[in-house]
Amino acid sequence: MKRNLLNAAVFAAAAIVAQPGALLAADTIPVGVIANLTGQDVNTSLQMARGVELAADEINAAGGIDGKMIELIVEDSEYKAQEALTAATKLYQVNQVPAVIMFGGSSLMIPVGELAQQEGKVLINTSSSSAKLGDYPGALFSILPLDNIVGKELGQYVYDKGARSIATIVPNNTFGTGIADAAGAAFEAAGGKIVRKVAYTEGQPDYRADVQAIIAAEPDALVGVGYGDDSRTVFKNARELGFDAPWYAAYPSIFAVENEEWMNGKLSGVDNGGYANDGGAAVLAAYKAKWPDEDEPLAHIYYGYDAMMVLAKAIEAGGVESAEIAAALPSVVESYVGATGKIVWDDRGQRIDPPLDIIEYKGGKFETVGTID
Amino acid sequence: MIQVFVNSIIYASEIAIVAVGISLAYSILRFANFAHIQFAVVGGYATYVATELGLPLILAVPASAVFVGGLAVVVDILVFSRLRHISPEGKMIVSWGVALLIRAIVASIFGGGSIIIETNTTPIRFAGAIFTSLDVIVVSATVAFMVLLHAFLYRTRTGSGLRALASNYDLAVTRGIPGERMIRLMWFISGAYAAIGGSLIALETRLQPNMDLIILLPVFAAVTIGGLSNVFGAVLGALFLSLAQNFIISIDFGSLVSDQSWFVPSQFRDYVAVLALVLVLLLRPSMTKRGAN
Amino acid sequence: MIDFAIYALTLVAIWSVMAISLNIQFGMTGLVNFGQILPFAIGAYAAAIGVQYDLPWWVGAVAGLVAAPIAGILVILPAGRSSQDYWALITLGAGEIFRLTMLNVPSIAGGADGVTVSRLPDRTLAAGLAVALCVVAYAVAQQIGNGPFGRMLRVIREDETLAATLGRSPMSFRMRVTVVSWAMAGVAGVLYAHVIGYVAPTSFLVTDTFLVWTAVILGGPGRNIGVVIGAAILILMSVSTRFLAEWSGLPSDLVANLRLAVFGLILVLMFLFRPAGLFPETKRVQNVDGL
Amino acid sequence: MLTVSDVSIAFGGFQALRGVSMVARPGSIVGLVGPNGSGKSTLLNIVSGIYRPDAGKVRLNDKPLPLGRIEAVAARGIGRTFQVPRLAQRLTVLQNMLVGARDQPGERLFDLFLRPGRVAAMEADALARSVAILKRLGLVEKANDYAGNLSGGQQKLLTMGVLLMSDPQVLLLDEPAAGVNPVLIEQQVEFLRSLRDEGRAIVLIEHNMEMISNVCDVVYVLDAGAVIAEGTPAEIRDNAEVIQSYLGQPA
């Protein structure tokens, strides 16, 4: 709260002092960022935007791209398709940005992807995992990988950890149900039993009834995925209601952990590798240096960071025009190892075969305890 | 099954204490106040701020209640008192404007993300039901505040004055009850109860500026089932709604027709609230006929 | 810049149609509809479902045009005799029932994720269609508002018992008004779906209904040109705050919240100081000399 | 001919009318008198279709009226005014008059959009009739004023004008003279007589006994929901009991 007010005051003061209009000087490269700064899932979205910011800081500190500084223009999507399109139209047409890095579900990403394709612009997706995103090759590139591999590995992992009955809890969208189905199928194929499936609508004030039903079903373990405020609320309900079976997750690092002490040693799962590598560690260090008073960041900072980094490399290799960026992106990605590990794209610019790690929540943060080939 | 009742009582407690304020305002001013829901949200945030400043909850919630009660009075002085003569639906639209304004201010100050107020709770298992020590506090607090409100309305002169205004405003005023002063008092109570309810909800769930949109329909449904202007009817309405909501998601419909178990997903609780709201409004011919002559 | 202006014009035109459709109901007839987003959402989802089944675009459009007024009849038939504050809550509930269904039943239209709709490829074409729809809606609303039909609507708005004692059925007029205005909003929804290229439940919230309400209250209930200007002011304010955020350097979330605050303030201040709107309904003067 | 037979209605526990019968013939003026709360307005509300009685019938020309359905009763040719004049306050005097005209094609969407000629012809006709009636009422100078801006008396005259636009067989008038200045009352009396001479039946609630004596052919006296006396104004005036109990009240 204090931060927000303070920010506002500082920005207001800066606005009076600064020369408006000088923002887009000729020696900068404008890059658009679309995030939902209001509406649902705000915290997660802000984390992604900060990841982009960290990358831009790093690039600019190193002298920019061929001497030109990256200039970020952040727009709010309100988590609404209309506003996302307004933001994208403004960025592409008024600010003339060649590329936009965006956070948002498929209901926002797909219309903006379609716009980007029609206009011959570039969009980098950091958050949506819909299979339809592959329909815009040459315009829409994804840093976030598709789900089914992770889900499948998760099912096997849970069985290997000794669980024989599980309950699943996921948000009711393609991402959540996709993971639940893949993990459930692998788990059942290995010989396990699913005792309760929950797919919740996001944005509910509490998930008490869901958690109670899971407790009543007495599973050996809980398997799920989630992010943002909803995951935090699920944890809160589970903790308060005394649920204490282990928790296995796909992408545990994008969870917003609610209570460090309670979660300690309880949560593990299959995640994209990379956060534990040098790149990830460096981003984490930069984050803590820039925002020292904040809680542990979410994994979305790494996706935001990598998105900005590959974009910068593509501009460096190809040029500042959208077409040049789109042409250069697939090749620069091949040699890039970022905060989320090695990036492999299929021929439509969608991330596949992400490095998979087993990570555990210990002592307030995630530790990599193994890898999956 | 006990679990269903326990959950219903907990949820009903959260909703009821917000709902009584709407009924109270409706009984005297005859309009459904959207801004009331926002008073609850402000109450939740005020409690959060008070705890951040180091106040224990037992003081933070009353402080929040006084603050929001005052806010409700200020809103009345600035807005509603100048619009006593306009139609009920006009007041409803204005109250939406007030709600929007307050929500935007809250979001500007606290940011759009959600906040969880730290509480120390322990799980309790009783007769096969699981709940928490916080739940016990929430339910007891609600019962206590309801008893208090009942005693005020039925055991004090001021309270019976308020009831007289509710049953016939003009008549009560001609008999010497100071209408406008009592309306201010009513706003204070209504705002304070909203704040208490909002704080309890915040403790049980989480705080976010658009929390109002989540609790709007259940609260209005509870008020409507209770008969809009009947203060304690709203409590029964909340209980009835809550029972219906929790039963619908606890019945294993799947096992009734096959050996696969299938439950109505918990988000369908919202339907129960909206459908209850709409059906009750449609099926109240005696009330809908009012104003025919 | 010009492309952005064309896009903004498209939004202004679509939301103007919504404002006109609410104006016929509320401004002229006094129907307090807090669920005006419902016919809009029905139109948009009709377009989306049509596309899902690979039907040509016009099938979805016709479906939207037909389904929206049918929904209107279904809502008004049982609720049409309720007093206006009840009717307000009932329509609000009806809109939410539809949105919750789309949100919670993914097999219909993708649930929370929503579905793609074929997007109008040409921005100018989209703007042209939106403006054309707006002109048609305006013409229809003018014809209704200025004729004997609109005169009787205003009598119903002022005093429905008076209308009844004059031998008119207020219910019949309300029903017809609902059919016309919900059809209008339904078509606006169809066009909206094709302009945005995507339909998801987050586009049809209670808050969106109140955006339309703010436009009507600001512009002047009962005056078609007024509510169009009201909608234009709100949408242009909405898009221009993005430039304000960039220019001032204020965080865009703060600016977005301040914009909402301004919308709330508009509603309150208009009621307090200018209840007839910026462009109040005009007095219709007729020449009686020589008769 | 309007025939009310044995009409009763109760609200909650309160018996507002008990077995009231009344006849109003074309070309006659019937007066309803009695103290406040005696059921006069309730009777008018039943005849005009606002309430459906618990028992009894109301017939117009031997056909029962669809009681409880205001618009259907009005469509049968029964027009009424109210104690507090009901007008569309934010429409002009002229527009209020035009609203009174029946069967307007312009109130049908089909005709409004597709037969503008018919609509215009009807409008021109209604306009001419409105102006003629406004002239009779002395309100033509006010034609383009908002109805809400007229004085109370003028509003009462206007409500009668609006009624006449629909050419009703029966007029039910609830205290047309209350709060009206004497000059306008004179005008009203003239007007009522001319309406009667056109062959209409008029039922009149009035406390002003002078007006009752002047214009009524028959007078019914109601008390506590029942008719306690009926007759010509002269007979009623001579009924000492009636005078004692009820008509001594200030008019």
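Descriptive notes on the structure:
Labels for the chains are A, B, C and D, by order of writing; each one numbers its residues from 1.
Convention: contacts are C-beta pairs under 8 Å (C-beta built on N, C-alpha and C of every residue); 3 or more make two chains touch, one makes a residue touch a chain.
Just so we're on the same page, UniProt names per chain: A = Branched-chain amino acid transport system substrate-binding protein; B, C = Branched-chain amino acid transport system permease protein; D = Neutral amino acid ABC transporter ATP-binding protein.
This is a predicted model, so every value here is computed, not measured.
In this assembly, D is the chain whose CA centroid lies farthest from the centroid of chain B. Each chain gets a centre from its C-alpha atoms; the one nearest the centre of all protein C-alpha atoms is C.
Ranking A-C and A-B by contacting C-beta pairs places A-C first. Chain centres here are Cα means. That of chain A falls 74 Å from that of chain D.
Centre-to-centre separation between chain A and chain B, using Cα means, comes to 36 Å. Centroid to centroid, with C-alpha atoms defining each point, chain B and chain D lie 48 Å apart. In chain A, the residues touching two or more other chains are 4, 8, 37-40, 42, 172, 201.
In chain C, the residues that reach two or more other chains under the touch definition are 103-104, 161, 253-254, 257.
The multi-chain contact residues of chain D, meaning those touching 2 or more other chains, are 50.
Those residues of chain B that touch chain C in the shared complex are 31-32, 79, 82-83, 86-90, 92-94, 96-105, 107-108, 111-112, 213, 216-217, 220, 224, 265, 267-268, 270-271, 274-275, 277-278, 281-282, 284, 287-293.
By the touch rule above, chain C contacts chain D in their complex via residues 140, 143-144, 147-149, 151-152, 154-155, 157-159, 161-170, 173, 176, 180, 281, 283-286, 288, 291. Considering their complex, residues 1, 3-5, 8, 37-40, 42-43, 46, 172, 198-201, 203-210, 212-213, 215-216, 229, 232-233, 236, 240-242, 258 of chain A touch chain B. Partner chain C is touched in their complex by these residues of chain A: 4, 7-8, 11-12, 14-15, 18, 20-21, 23, 37-40, 42, 73-76, 78-82, 85-87, 89-90, 93-94, 105-108, 110-111, 114-115, 118, 130, 132, 171-174, 201-202. Residues of chain B touching chain A in their complex: 3, 7, 10, 49, 52, 107-114, 116, 121-123, 125, 130-132, 134, 201, 204-206, 208, 210-211, 214-215, 246, 249-250, 263, 265-267, 269.
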